[in-house]
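Two complexes are shown next, each including chain A; its partner changes from chain B in the first to chain C in the second.
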Partner chain A sequence: MALWVDKHRPRDLSKLDYHKVQADQLKNLCKEGDFPHLMFYGPSGAGKKTRIMCLLRELYGGGVERLRNETMTFTTPSNRKVEIMTVSSNYHMEVNPSDAGIYDRVVVVDLIKQVAQTHQIDTAGQREFKVIVLSEVDELTKDAQHALRRTMEKYVATCRIILSVNSTSRVIPAIRSRCLGIRVAAPTEEEIVSILQFTCKKESLHIPEGLAQRIAQQCDRNLRRAILMLEACKVQQYPFTINQEITELDWQMYLRETANQIMLEQTPAKLEKIRERLYELLSQGVPPDMIFKGLVQNLVLNCDMELKAKTLQFAASYEHRMHNGSKHIFHLEAFVAQFMNIYKKYLADMVMDDF
Partner chain B sequence: MQAFLKSAKSQDKSVGGTSSEVVKPKKRQNLAPWVEKYRPRRVDDVVEQGEVVAVLRKSLEGADLPNLLLYGPPGTGKTSTILAAARQLFGDIYKDRILELNASDERGINVVRSKIKTFAQLTASRVTPDGKPCPPFKIIILDEADSMTHAAQAALRRTMEKESRSTRFCLVCNYVSRIIDPITSRCTKFRFKSLGEEKITERLKFIATEENVNIGDDALKVVIDISGGDLRRAITTLQSCHRLKNREEITSNDLLEISGIIPQSYLQEFFDVCVSGDYSKLESFVQKLSFEAYSIGQMLDQFNEFILTSKEVNSKQKAIICDKLGECSYRLQDGGSEYLQILDLGCTIMLAQKQK
Partner chain C sequence: MSKAKPKKKLWTKSAFSFLNDESSIDLTDEEVIPTKKTKEDILPVSTGDWIAKFEPLKVEDLAVHNKKIEEVLNWLNHYNCTKKSFPGQICLITGPAGSAKTATVRVLAKQEKYVVKEWVNSLDVETQHRLGDYDLENEQTYKQSQLKEFKDFVLASSRYKGLLETSSKNLVLVEDFPNVFLKNTEGFTEILQQYKKSGRSPLIFIVTDSKSRTLNISYNLFPESLKEQLGINHISFNPVASTFLKKALKRVQSIMAQDKIKDYYKPVSQDIVDTIGLSSQGDLRNAIINLHFSSLKGAPSVAVEVIKNLSSSQKSRNKKAEKKLKSIGKDESVTMMHAIGRVFNPKYEGSNLTHQPEDITESFSSEPKNFLDLLYANYLPHFSSIENALEAVECFGSSDLMMTEYRESQVGVVGLNVAIRGLMVSNEKPVTGWMPVKGPKRLNRKDHQDVLRKLGLPRSISLRELITDYKGYVENIRMK
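Here is the complex of A and B:
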């Protein structure tokens, strides 16, 4: 029993549902014996991984789907052991180097050297190079990215690197200029609707047009989330009705509730309560930058323009500091406190104006 | 163990089954990227950069070679020049006579003390093993020298002087300001200029005919615009596009798509949305931008250009906006969230618009 997301994932470049022109271009890329390093970029749930796997399949045939998990250990210069999980087939290897935290540089250098220095054993019927898929490269430290740039050039004869990133802003220009960038835009709502209907057809279910459209609107153009929502709906109630409730992510609701509480009362006592809620979110594994984004989205709803600008100014600067610091909660709380401050002043001014 | 053997066996089978599908490579092709393939082999092939070529040519004729510091924007031929010079100076043994270190190699103070020092202390003979004369020194090339720590640079100072009899240093970097003064004063500095449009066009046309690339003059112009004087980037763009289109004609749209440049219409829209002063419009625009997977970093770069040439804002507003732009761009580079930074910028523009 696989999730629908995995079960109905297209396995072949020709079966992709959208960006068909791009799929053809990727096919062209494989036709020649060789291709450059690639960088797939796009928001999450847009289909980067799907495209990478399809591309690998096009290159090497079905063998790439025989995956195995391996744990590799690396020793850092300070003699600490770092363990990292890799998923690999005979032809490629998938790693998420940012798992190693600040030791990602060691992983990048050692792992790629290890893989790249060994040639493919039997070059007949195979490509002459292996592929290394690195995900979340935008989370890598600058150090690791710099290490990557030369390694990419040096081992170009034996391996190709496919990078998958959410945004290219955080990738250093030197890496960007060494890769062929492939933009994977999120599917439009219509495309999501048609994919949802198609998925239902394959599962021999019937879905009303209205429900598909509502899911498409709620999923933030994230296809993975859309299909997961659909499956959740199926579990809740089948046959579908148009006005069926679509389960929202509970942390989003929790976040909205937190924002509402901030708007209600601006006192130190409240701040302490908010801290608990923030801790709760963090301990549930919600990434702190998502918390920031969610808070800002909800907080600015009933502010006037000037206050909005101020809020954003503070949010942007606290969020930036958070990335440089190590304790996320400080910065989240500082932002909340700052917002309470400016909001209270704003309310007080309004009362003054009334007099 | 059993399971492992089993899976290995079934894997073999799958490999056997699929190998017929996979197109067999005809023969070992030359897989080198064009950037490597068309790297200048001789100093005289280097495009533009008059002074440094003149100095190197003199040293090829027998004059002494000073320590060099080559700096300039990426893709102007710094590394190519020094490699070509080394090849011509030393002939076949050039691999033994140069030590090339760059940012990916460990280059802390320890390496300077051990590796560089030992290499520098070796003496070089006046003749090659097969009896040809060659200059009696070695070259240490420190590529991307601006990413060396100050401590490591400081450790270089004395080594550079002491071993000057047998070793020349060549530092290559983008930003000369990050090299400490004592080092710059020991080297002859050469600035590499951005390549002019004609030179790039000439080179690209040469490569295009060599490789049978199907590209029109208009599209070639776009390649040059995208590259901004960076020949490496121009060549890579050309090659990628050629691969992607598989011998069909390359159009300017393909090029823009590959390079990740944001269409001008988006910049205008961002500005219009900000002028309208409607926050919800701004928010939905930012959402759209991120769904389309355009990079906000790129957006900021291009928007800078846009706002500077814009006639709709006065100088004071431009100052406010550009100040914010710089701050946002810095935070973004430093890991800040794209969403918040661009909204912050948007709000600043809105407020700046109001105070005419």
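Here is the complex of A and C:
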């Protein structure tokens, strides 16, 4: 049984629910003979992938939906074998090179070479280029990004590259300037509500307005999460009621508990306990930037304005360092230590004020 | 060995100078060389392998714990019982350098009447034509591949007994691993599998522990899965304990005092022997070599320096101070554990640190990341206040940033220095007391493709999307 997220994903540019002007522009883009490299950017769950697939369908027709999974093997210079999952049709190939970890450079270069060295078999009546979709390019190492820049130029005759990125700030300027940037902003809460209602209609269910609004508020404007939440709610209890419980993600609860513990005690011993929890999250695969975000959101709840500003400032600087470094845990712990420090001072001042 | 050369003032002191010219010794150190030297006093060391004299002959002589010896012996006995059905069994012995691995195997093999056949890497010498040209027409100059040679050796020597040997019990020993295997682990695995099937004798591999990951043979060539699959017995040796070390050194001294060779040696004071034992840090080979060279007649002055060091350490009666003693000709080697102690509980001499952060860094400059991880795993219990811990963890952050910079090779070492210095300086009130040392934690992530398959999701979903969005909900949805 397909999930609703996949089942009700729009397959055509004209069927998209929001950013309709942009959809028209994309359509026009396909009418032209030539086609630039593209970079879709926006928060996760905003609909980048959906738009990319619609665009490919517009370019090549229904053939792009006949997908096959393939595992490609690459050999690194140090003779290590790296396996990467790819999803491809006759016209395009989709890959997430950051899965290869520190060997992403090899994947980027070899994969594009392999795809780009063969031309389309029959150019009459179709495009003369193939498309490579690279997701999460901002997670790539700098090394791989520079390699990508060079390969993009070299094989422009036979292939176009569509990048999908969460934040452009972590993509090197050289790549940014080679692509046409397309911003996919997260849907507004009203848009999410209407999509939820539309989805329920297709499933021939009834959803009360209030529940749809509560889901829209809880999903962080992440449409994917909203629809998954909706389906989870349906499984839990149907017919829907306005105040029914909405399942929360376990890692978010875990993060909230972690933040509470930080507020309780500010000692090195506690810091070590917190480290254990952070390790747990990291080993589950929760991305470190999400940990940062979740911690900050929960920590500032009990702070006054001054402390909030300080916390945010420190979080920003430590997160920046984390992206430049390789040991995420060091910087997460540094942030927690820093917060403990300022929070302890803040508490001490409060006690002083009372006297 | 060599006749005394015409006396000539040498400007360097040769390590073996006492063999040919005594007067040259006095050049550098006036105070130290005390006694007169005459031709009779100093005899050339016999040309044989002097260290062979000190090798243990009986099981009682081994400087190894009885339990360990038993472990090896048990394996051999077990082999004896089961060799009818499983003639090709394999054993892996690991341990730090000088922990008497080889000696144990050899002594036990002798006791059990095995003939040890040891693989020795052949030298790469091209056969030359008589006229000096390389024989290009005959293919004979091309050597067999090392891999094939190794395989032939292992299989053949497990089966056939030597022409002049009386015992037909062979024991194949491999200590000297052919280099090809570091690159070609599959080839090695294949040979082992074949041996398991068609070998006829016990096969023992002896591997010295090494710090570097790429050169770690037991890690690269003997993965757990292979050990399990082939039933390879793994026995790991510990560094020689100090009591055993003392006993072994005493034995060596008694051998030195034997009639035949006592002319070469002078008795050394117990202080020096203790120092040698301590500074070898459980490396018996190193201890014996040091003892040998310091007790040769006419040995140069180093002993004095050692005694000086020792007396200062005796005063303070401090365990750490004892261990840092320098021994003859060996660089000060700090193990990770000592270094950790120095970093977390820094000592001051006046206003200066006793151990400079630079010195500690230098000991780990070949693997700054490992040491940094170890420090990180252990630093928090030593801090009593969060302010100080904050300063320390900031240093870790900077250090990480520097180590990530791969374009400049030295930055990593500077990064380690920053972390070490930060830890030493920032802790105002270190927590004292015994604290167990923890190993660095490794994140082992599960393969997310497996999770996708289990949940029945399309395989193009990335790890990030799976964890942050899909996993929690889909588990709920699929439950029903």
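By definition in this document, the second predicted complex is superposed on the first by the 343 of 355 C-alpha atoms of A that agree within 3 Å, B and C clash if a C-alpha of one lies under 4 Å from a C-alpha of the other, contacts with A are read in each partner's own complex, and residues count from 1 in each chain.
Definition applied: a residue touches a chain if its C-beta (ideal position, glycine included) is under 8 Å from a C-beta of that chain, and two chains touch if they have at least 3 such contacts.
These figures come from a predicted structure and were not determined experimentally.
Novice: Kindly say whether there is room for both chain B and chain C on chain A in the superposition, answering fit or clash.
Specialist: fit
Novice: Check the residue A:Lys293 against both partner chains and state whether it touches chain B (first), chain C (second), both, or neither.
Specialist: first
Novice: For A:Met72, select first, second, both or neither according to whether it touches chain B, chain C, the two together, or no partner.
Specialist: Touch partners of A:Met72: none, neither chain B nor chain C.
Novice: Tell me which partner A:Asn90 touches in the superposition: chain B (first), chain C (second), both or neither.
Specialist: first
Novice: Put chain A at the vertex: what angle do the Cα centres of chain B and chain C make there, to the nearest 10 degrees?
Specialist: That angle rounds to 90 degrees.
Novice: Pick one for A:Lys31: touches chain B only (first), chain C only (second), both, or neither.
Specialist: A:Lys31: touches chain B, not chain C.
Novice: Could you tell me if A:Leu312 is touching chain B, chain C, both of them or neither one (first, second, both, neither)?
Specialist: first
Novice: When the two structures are overlaid on chain A, which partner does A:Gln284 contact: first (chain B), second (chain C), both, or neither?
Specialist: In the superposition, A:Gln284 touches chain C alone.
Novice: For A:Thr267, using the defined touch cut-off, is the partner it touches chain B, chain C, both, or neither? Pick first, second, both or neither.
Specialist: Second partner only, chain C.
Novice: Quick check on the superposed pair: does A:Ile246 touch chain B, chain C, both, or neither? Answer first, second, both or neither.
Specialist: Neither: A:Ile246 stays clear of chain B and chain C.
Novice: Mind working out whether A:Asn324 is in touch with chain B, chain C, both or neither, as first, second, both or neither?
Specialist: In the superposition, A:Asn324 touches chain B and chain C alike.
Novice: Please give the least Cα distance, whole angstrom, that chain B and chain C reach in the superposed model.
Specialist: 8
Novice: Taking the stated contact definition, name every residue in chain A that is touched by chain B in one complex and by chain C in the other, in rising order.
Specialist: On chain A, the overlap between the chain B and chain C contacts is residues 324.
Novice: In the complex formed with chain B, which residues of chain A make contact?
Specialist: Residue positions touching the partner: 25, 28-29, 31-36, 41-43, 46, 59-63, 66, 68, 90, 109, 123-128, 146-151, 154, 156-157, 167-170, 174, 176-178, 180-181, 183-186, 221, 289, 292-293, 296-297, 300, 305-306, 308-309, 312-313, 315-317, 319-320, 323-324.
Novice: Where on chain C is chain A touching in the complex?
Specialist: The contact residues of chain C facing chain A are 183, 376, 380-381, 383-387, 389-390, 393-394, 396-397, 399-401, 403-404, 441, 443-446, 448-449, 457-460, 462-470, 472-474, 476-477, 479-480.
Novice: Of all residues in chain B, which touch chain A in the complex?
Specialist: 7, 10-11, 14-15, 17-26, 28-29, 31-33, 74, 102-105, 147, 230, 232-233, 236, 239-240, 243-246, 257-260, 277, 279, 283, 290-298, 328, 331-341, 343-344, 347-348, 350-351
Novice: Considering only the defined contacts, which chain A positions touch chain C in the complex?
Specialist: 3, 6, 44-45, 69, 79, 85, 87, 94, 96, 98-99, 135-136, 139, 222, 224-225, 228-229, 231-232, 235-236, 247-251, 266-269, 271-272, 275, 279, 282-287, 290, 318, 321, 324-327, 329-331, 333-334, 337-338, 340-341, 344
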